Every structure is written in structure tokens, then in C-alpha cells.
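Each of the next two complexes has chain A plus one other chain: chain B in the first, chain C in the second.
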Partner chain A sequence: MSWRRRRPMSTFLISALIFAFAGGPVLLALYGSVVPDRVLLSPERSVFSEGISLENYRYIFTGQLPASYEVEGAQRSMISEAARQVPRSLWNSARIAAAAMVLNIVLGAPAAYFFARYAFPGKRMSFMFIILSPLVPTAALVVPVYLIMQQLGLIGSVWGIILVHTAQALPFTVLILSVFFRRLPAELFEAAILDRCNAFQSFVRIALPLALPSIGATGLFAFMLSYSEYMFALVLSGEASSRPVSVVMAALARNTDVSWSLLNTGIFIAIIPTLILVVLVWRFVVEGLVSGSVKG
Partner chain B sequence: MASGTHAFDDFPARPLGRRYGLGSKHMWTRNRFPFLWLMPVLLPVLLFIGVPVAHAFWTSLHQVMLLFPGEPFVGLDNYARVLDTNYFRTAMWNSVWFMVLAAPLVVAIGTAIAHFLQSRFAGSTIIRSVVLLPWVLPGAISAVLWIWVFHPSFGIINGLLKQIGAIDASIQWLNSPDLAFYCVLIAHVWTQIPFAVILVMAALAAINGETIEAATIDCRSGWRRFRYIVFPEIKAMIVVLVVYNALVAFTTYDLVYAMTGGGPGTATTLLAFQIWRESFAMYDFGAGAALAFIMVVVAAALIVAITRALPSDLFGERPS
Partner chain C sequence: MAPVGMRGLRKAYGNVEAVRDISLEIENREFVVLVGPSGCGKSTLLRMIAGLEDIDAGELTIAGKRVNEVHPADRGLAMVFQSYALYPHMSVAENLAFGLKMSGMGRDEIESKVQKAAGILQIGELLKRRPRELSGGQRQRVAIGRAIVREPEVFLFDEPLSNLDADLRAQMRVELARLHGELQSTMIYVTHDQVEAMTLAQRIVVLNGGRIEQQGAPLELYERPVNTFVAGFLGQPKMNLVQAIATTIDGQPALRLGADSGPMITIGGAAPAALRADQELVVGVRPDAVQLSATKTGHAIPAALELVERLGSDAIAHVRIEGVDPMITVETREPVPTERGTPVWLEIDAADLHVFRSDGERL
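Our next item is the complex of A and B:
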């Protein structure tokens, strides 16, 4: 199916523009992470004359200081211990976000399906309750949520963060998935009723397989929301070893002494795992979408 | 088999679509367990959002300050106090302006990119992946990336402008009250585009292929084809995206905090940031909570206005 014919030149130009806007800042971080500060901050020197250096990566993973900071009188404060928490915080974030994603799909998909296909008393009200609940700014909810988690004994445990992130993403999961479920042709479900499927069977056997790409995309959304959430993660995570990456990176970013290249290295390491995940899931989601399984 | 047993009682009497479609009362009377379906969502949302909201509302009606013990009931005093400050008016204006600019920009750019990426060309897979890049970054990281881009001495924008000779002196992007707001806006739009692209692409992919083929024959102009054939099909998704982005722009916090800290002056002080300042910088939790609820009212009114202005079939009586 061809949507339109194009000239290769304009396609290339638009692609280049999208590439520069979306990827540019990230490429700058990659560049910043492999050249030392003295090259980064000096107009006379460039990566071509100085070559690339992986010292910052070595420091984060092994703790060995870059050579330029070993010399006498070097500004030791520019190297922050917080950067060394990045790999561990990635693992924490991955666990939290994956759990929030699974919980969102398992809890949200049936409700979204129900909202999309059935009328029932109180439908508009419960839908409004779910949709309007994220309206309240999180800054006002930090203290009450902390108190609830304290009651539940979940401060400093990943489960507290997982639960809050799940509840935060659920309204969007339900909203987006119900839009997708509504697009499935009604005839399919009429046929299912004629085959004497009950509501749950037609959900599991018809709606779920057909909407799988959309569910994948929505799950990815929940993952990302949790991965990048900062405020609750900050309040609910306890000691340094259980902090997720958003908290560690924020601490690093606010520290104005820290060397730019070390900061950029931390940023780039924090990007890599999700980048891989996004490319993998994106492939799966896009292939599902393009193969036309959800065509209405 | 709650829904199966009586499904055939009045079988030929009504058309099937009416009997089982949304809004048909008959479907509902047969499914007696809405609670089982909705509980998994309502319960966590109630416990981790509903209860905290109620608690915050209680706080907004009491004097809750760290320095003063006891939490006396003060009625609407907190609200009156917050509304009276100049800070509030500035932050309100900034937030509304931010939202009015950000939400349409994100959706328009996102839709354009999604439409562009719909067809395959050499390298389209790479561009599709790169578009997602901003999405994988926590706000603090995006903020650092954009501080670096806008940096007056070492930033790439000033570097390029100097190279082509457009400017002689460095422009103080983030330190000038006029420019900082738009720099933060650009960074915010950058972080929100990937999600819009994904959802619009999914909506585009769900359009019937025959519709597109017929449109290709009927409409020569690409813009008209988009306006009259493609757009109506993805309108529901666009409305959802506009509402979602308006909400995100109105309540955004971490990007602004990390990029400018609300400054210079009050140029980038948004409402959500002001809540944080009232609560955690001035330890006046009552005022912070009151501000939050003023924000909720404004946001709800804006969302109603948006959904009125862009009618969709989302809450319609029949499935599309």
C-alpha cells in the first residue's frame, strides 16, 4: 500500500531534520562522554586533534579515576561518587518499570475492554473518576502517598514505587486501550456471542490477540512513565543502593561541580539499556501494526 | 456464562448491532459483574491517588506548617492567601501560556512525523527508532541535554550561529527572561513528541487499506486527502492526545526545575513548580495543597473546553 509518491530529495531532507531534532541532543551527550572536559570547553581543541577517551566509562564501571584527575592539585570535586551508582540504579529502574508495565496491562486491559464494549450504570462516572484522577499535581500528593506507604511498611522497598507508578499510569492505559478496543469491528463480538462466548472469553480469545500491538505500545508507555518518574521515586526509595536511575541522574545533574564529560557519560550509560528495549519492542509493535492485524 | 444464557431470547426482534452495541441496555442487564472487571483499576487508583487527593484536600483547609505545631481548621484561608500573591498570577499566566503553546505543537509535529514515517523508504527504520530517543530519558537527563544545547559559551546553537556569522556575541538563552521560557518550551515539546508519534502511527495503521486506496484515486492533493480522509479516522486519537498533552504541559515540573529552577526571576515559574516551592521550600503545606486544588479546577475547566471544542465519538453511544 503506497500512501503517496515522494521525491527522494525531500524525503531525505525531512528525515535529516527529524534525525537532527530527535537525536541531536543525545548525539551531543555521546560526543561529550568520549572527550575530556579540557577538549569540550576549549574552542581550539577538538576531538580530531585529541582523540577519544573512554576513561569516564572506565571510572563508572571500575572506579579507576581518569588520569587527568590523579595529578596533584586537580579538582577532585569534579568527580562525583554518585556517578558510580548509575549501573546499579539502571537495574533498579528496569525492575520497577517492568513490574509497573506488567501490572498495568494485567489490571488495565480488562477494564479498558469493558469500558469500550459495555454500557453499565455509573459508566460515565467511573470513567471520569479514572480519567480525572491524574489531574491533581503530584507535588501535592507526595506527603499523603508517603504516609500511606509508611502504613504499609513499603518505604525503601521497590514495591512501594511499583504500586504508585502503576496507579499513576493506569488511567492512561485504560483511556488509550479503550480507544483501541473500540476500533475493533463489532461484528467479531457479535459472532462471538452467537458462538456462546461469555464476556471474558470474547475478551481473551478475540479482543486480546487482535489488540496485541496496541497493548504492547501501551505497556511500553507505562514502562517509560515509570522509568522517568522522579518525585515519588525520590521520596519512596531508601538508601543509595535502591534508588532508580531518575533519582541518581537528577542528583548528578544538580551537582554543578561535576565534570561535563562525566555527566554525559552517566547520561549515555543510562540511555543504552532502554534504547535497546525500545528498538526491540518497537520492532514487534510496528510489525504487528503494519501487518494489519487491527484493520477495522 | 452470564451473558450467554439469555442472549437469544429476543433474537430476531432487533438488529444485532443495537442489541450488543454500546449503549444497548440489553447487553448490560446480562453482564452483572462490572465490579470484577473494573476493580483491578479502581482499587489501586482509589488507594494511591484517590486517598492522597482526599488527604491533600484536608490539608488545604487546615493550617499545616512545619514550624507551628497543631493543625487548626482555617477554611478557605489558604486559598485566599494563595490567590492574593503576585507569584500566583505570574505562575498561572506562565502555565496557561505554556500549555496553549505546547499541546498543539506536540500533537501537530507528532502527527506530521507519524504521517511521514507511515511509508517505508531507505533508512525509515532508523528514523523510526531515533524519533523515540527523547522518550527514554528521565526529565533530569533531558534538562541537562538541553542546557548543553543552549549553553551560552559552549552550546551548539550559539556555536552554529557564530559559525554562519548570524551573531557576534553569545546569546544568553537560558539567562534571558524573554528567551528562557521558549527554550524550556522547546525542550518540553521534544520530550513529548515520541509518544504522540507512536499513538498516531498506531491509529494510522488501523485505517482500512481500501479507504486509503479509494482516497488515492479520488483526491490528487496530499493535503486534501489527509484533511478529508485520514484525519476523520484518527480524530478520536488526536483529541485524546491534545487532552493528554494539555494536562502534561499544565502539570509539568521536573524539566523546568532542572533547566532553570523557575528563573530567571519568575520567567519560567509554572504552577506545579510553585506548589513544590510553597510546600517544600516554605514548608507551608496548606498553601501548597490549596494551590494544587486551584490548579485542578483550572485544568478540569480547560479539559472540558478542549473536548467541547474538538468533538469526538469517544463518549458516543455506539462503537465506531
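Our next item is the complex of A and C:
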């Protein structure tokens, strides 16, 4: 498009603005995590005189206290034990979010395809039900869901959280993918029938490959939703071993004495998986959406 | 290479009857073109043959065997879609090979068939590309190639050229005629392009409202349309159709065009035997069968020029005859005055007249 070439300045400004909003906090957290509290809190000291240190990262991953706190024993309350749970919780969150993502794709894509390409009794009703279900407030669901999970014996296990997170993202997955599948020309599937594809083969060999960018996007969405979900994660996670990162971070932040550096370190560590995922998947998704048309 | 038989085929969508009672025998190696106005059921009929639509009633046979319940892939046919329907995520070679692969054919055999089809259509250099990297004409070739590799008994085409520009269409028309000669397959071809129908068809079947109006060789339909629908549908520009009354001049059968004050044409020996006096009729004459001149001659009908469209080698004149509605279209190679209102004279040979009853059937 030609406007891009003609207005490089405004494009640059807008990109810079977006970057400042999206990337700014990430960079601030990174900065806060590598300098001690005294640099953050006092205007006289700066990162240039104090230098950067990875002591907080070392503490979180190994439990070895930063040198400054060893000396100034009075400030020990600033070092929250919760911070030590971050790596473990990260692993929990990664497992939970990845499982929710996979389940979303495995369940959502066929369901969306079915809704998009087949007529069956109750189609409108069931689709409406799926699409409207996210409108029920989380608070209203916490108790019933807790009771159900208790019945299933899934309290304190990541599986309970996985199920809930899958259910939470599924409506969006089904909606987005069914819109995509509906836009695929019917003639494509008729050609597939003439090429001897049965319904399953049409789905796997024609619809799925074409939907990969959309599937990537919805999968990423499900991952993010699960990764940042707090309420159910809190209620269902039980003791430390199954807590996801959102719960641990909240506990860390709720400690009013906690060291700013340590908090920032926790935050930055929690952001890393998302960053990696975005870099890996996003390029693919955007490429797909931009070239997006399935004409041909 | 198989005959296709249709006996009393019907298809309704809810209460829309798309195809009503179509019976048609298509011979081995025949090139049949289905034409008709939009919504007349051409695509539906083709899709019923392909097996993409269920048949409500009637019997469909291919190579003499009833195939109503046979799976589309087992009917021995291939279809070329209007939108081409190439698989966007596959290369040209994969598009061609896909159907063969799904049928469980071996790699080497597929490879050789793909190469052969690519050779026939001269798309060898395109085999590695994706459909989106092809021009419209190239996609069209690939779509036809995908049909060819399957070596079907019957080819089905649903308006395959309608997305191409005029030049390419003319080129592909020639190509399709060549292919038919080369492959010796039965071809059923849907179009609403007159030229395609006239040039490609061995037999044209004119559909209207889900029924067959007339079928026959192109020239036969052109020269002897059985009713006003076919008369008006085939031919470009359209045949002139005007109301008329049977009458006599000096004891000779004649027609009075339009209202009471309209001009008369003696038809003499060319009169259909069934013509009765005072019968209400519709008379048709092709635009190229009308002689237009700027000077009065013997029995010429006076008219006034309304509009002239110059097409280069010839021109299309729209003229108004007093008391006759609508305007008459004349195709002429002679130089024509262009000024609106200029008086002109029309001469029509009685042998070129098509006479229909008022209900539209040929007399």
C-alpha cells in the first residue's frame, strides 16, 4: 500500500507510541529487576554508580540471598518466600496454559468446523449457548465450579485448572474458527468430495491446513487467557506445588514490605514465557492473517 | 467416454423447484452445452450429475448404470468449478495429484499422470507454484488439469471461463475444443455465454425454469427455435419479437405488425400451413436479416432511427416503426446515418420470419 511509503513519519510515531505503551512496562520491570531497591527509591543513586546485578534472579532460582540483605538483617521481611515459588509456578502455568491451548484446538477446531459446515437440529441454540456462556460472571461460577472439582477430586491439581481454563477460552476459539471455516468457499469442499475425501479427510487435509494461522491465533489467545487467569487458579490450586504464576505473583505483590527489585524480578520472569510465545507464534499468525485470503 | 442418461430428474430446495422433470440422453463423446438464464437450474442439474446434490426423483445413468446412489468420486467424472476451487495450500502438482493420492494410486503412476496432464495443458513450469501465484488463466488451466489427470468418463464444467477476460476466454474456448478432440470424453458444459455455446457445442440444451425448452445442434436452434424463449435467448443481438395479426393482402397471406395502424408484410408462400386469418401472433426476425436503407424501395417499411451503435466493421441500429413496440434492432454492414429521427426503410425477406403463436410456440 502506497500510504505507508508516503507517510513514514506518522507511521513511525504511531509505532513508537504503541511500543511505549506495550513495551514500556516490560522494560521498566526489566530495569527494576536488575538494580537494587536503593537505586529505585533514592534520587541520588543511579544505575550508573551502582551498576546492575542479577542477585534477585539468583535468589529466586537458587535461594541464595542478595548480599545487601545478608548484611542488613532488619530488612529480611522484604524478602518474601513467595518469590521462591516463582520458577515452580512458572512451570505449572506453562503446563496449564499449554494444555488449555492444546485442548482448545483439539476440541474447538472440529466443533467450529462442524458448526460452520453442517446443519443439525439444535445448531442455533447450542451455538448461542456456547457464544453467550462467557457472559456469566466468574464470581457466580466460582462456588459451583469448586464443588464440581471437589466431586471430581481435582482440587489442588493442575487438571482442575486446565479444565476450567479450556472451558473459558473455548467459546472464543469456536466462534473465531467457525467464522473462518464459514468463509471457506463451499466449492473447495465439493472438489474434495470429488477427490474422494470423506468428511474427516476434508477437515484434516483441506480445512485444517488453511486454518493454521487462525488456529495459531486462537491457540495463543487461549494460552494467554489461561496464563493470566487468577480467580479459578487461586481457588482450585491448593498448596504451593500446583499454584500457577498468577496466584504466586498476587501473593508476592500482596506482601506490602516486599522488595521492589524482587517484585520486578518476579514480574519479568513471569513475562518471559509470553514473550517467547509471541515471538515464535506471532510472526506466523500475522503472516497468515495478512496474506489471509484463501482465494485461489 | 460414457453416455449419460437422465430420466425425469427433479430437484427442489424447499418449495423452489430448481429442476423439474428433465430427461436427456447424452451420447458417448458428445459435447453438450447447457444454457439458460440465471437461476434456470443449470448448475443444479450439473451438480446432480456430479453427485453433489441429491436427486429427488428420476434416474441418472452413466455408462448405462444407475448412479443415483453412487458416491461422487465413484461416478467416473470430473468437475471444473467456476471459482476453480484449487486447494490454496497445495502446489499445482499437489493439486493435480490430490485426487489420485486419495484413491490410493502409487507415487510413480501419479507422477507420470501429473506430468502428462501438465504437458497437455502446457503448465509444466507452474507445477511448483501455489495457486495464489498464478494468473486467472493459469488457474483455469490447472483446474482443467486437475480434471484431466483423473481420466474421467465424463467432464462437467460449470461456467469455467466466466472469470476470464475476453481474450483469454476466446483462447481457452479453442483450447477446450482441442481438448475434447484429444480426450474423446463426454463433456457437459454449463454457460450463459452465447458464443461459447454456439462454438463448443455439438448439442445445445436450452433450460428455462428447470425445464428443457429445446435441444439440438447449435445452428438448428438458431435457425428454427421452437418458441419465443429460445428465439430470444440465442443470438446476439437478440431476435426482434413483435406482436402481429394474420391477415391478407390481395388474397395473399400477410402479417400486420403491432397495432391496427402498423405496417403489413406479405408472406406469400413462406406462410406456415397452420396460419389462420386474424390469428394473434408473435413474429420474430434476426437483426442481421433486416435490410436497412436510407432510400425508399418497393415494399420497404418506413421507420425512424433512434440510436446507432458503431462496432467497427458493422453497426447496430435501433429503429422505431410507427405503431410497433418495441424498437427494432438492425445489424448492418452498410454505412448508416446516425442522426436521431432520420427516416429509414426496412426490408425483410418473408423467408427470414419466425412466426409464433401468441402463447410463444412456433407455428
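Just so it is clear, the second predicted complex is superposed on the first by the 275 of 296 C-alpha atoms of A that agree within 3 Å, B and C clash if a C-alpha of one lies under 4 Å from a C-alpha of the other, contacts with A are read in each partner's own complex, and residues count from 1 in each chain.
Here, a contact is a pair of C-beta atoms (placed from the backbone, for glycine too) under 8 Å apart; a residue touches a chain by one contact, two chains touch by 3 or more.
Worth saying up front: this structure is predicted, and the values here are computed from it rather than measured.
Novice: Tell me which partner A:Val106 touches in the superposition: chain B (first), chain C (second), both or neither.
Specialist: first
Novice: Between chain B and chain C, whom does A:Leu135 touch in the aligned arrangement: first, second, both, or neither?
Specialist: first
Novice: Identify the partner contact of A:Glu190: answer first if only chain B is touched, second if only chain C is, both if each is, neither if none is.
Specialist: A:Glu190: touches chain B and chain C.
Novice: Kindly classify A:Arg88 by the partners it touches after superposition: chain B alone (first), chain C alone (second), both, or neither?
Specialist: Neither partner.
Novice: Between chain B (first) and chain C (second), which, if any, makes contact with A:Arg58: first, second, both or neither?
Specialist: neither
Novice: Once the shared chain is lined up, is A:Val145 touching chain B (first), chain C (second), both, or neither of them?
Specialist: Touch partner of A:Val145: chain B, not chain C.
Novice: Taking the superposition as given, does A:Ile206 touch the first partner, chain B, the second, chain C, both, or neither?
Specialist: After superposition on chain A, A:Ile206 lies in contact with chain C alone.
Novice: More residues of chain A are touched by which partner: chain B or chain C?
Specialist: More residues of chain A are touched by B.
Novice: In the superposed arrangement, what residues of chain A touch both chain B and chain C?
Specialist: The overlap between the chain B and chain C interfaces on chain A comprises residues 190, 193, 196-197, 294-296.
Novice: Help me check something: in the complex, which residues belonging to chain B touch chain A?
Specialist: Those in contact with chain A are residues 1-4, 7, 16-17, 20-25, 27-28, 31, 34, 37-38, 40-42, 44-45, 47-53, 55-56, 59, 113, 116, 118-119, 121, 123-124, 126-146, 148-149, 153-154, 156, 190, 193-195, 198-199, 201-202, 205-209, 212-213, 216, 222, 225, 236-237, 240, 244, 247, 251, 253-254, 258, 271-272, 275-276, 279-280, 285, 288-289, 291-293, 295-296, 299-300, 303, 314-315, 319-320.
Novice: Which of the residues in chain C end up touching chain A in this complex?
Specialist: Listed in rising order, the residues are 47, 50-52, 72-73, 77-79, 81-89, 98-99, 102-103, 130-132, 134, 139, 146.
Novice: Sort out for me which residues of chain A touch chain C in the complex.
Specialist: Result: residues 185, 187-188, 190-197, 201, 205-206, 209-210, 291, 293-296 of chain A touch chain C.
Novice: Can you check the complex and tell me which residues of chain A touch chain B?
Specialist: Touching chain B: residues 1-4, 6, 8, 11, 14-15, 18-19, 21-26, 28-29, 32, 40-41, 106-108, 110-111, 113-114, 116-122, 124, 126, 129-130, 132-145, 147-148, 163-164, 166-168, 170-172, 174-176, 179-180, 182-183, 186, 189-190, 193, 196-199, 213-214, 217, 220-221, 224, 227-231, 245-246, 249-250, 253-254, 260, 263-264, 267, 270-271, 274-275, 278-279, 282, 285-286, 289-290, 292, 294-296 of chain A.
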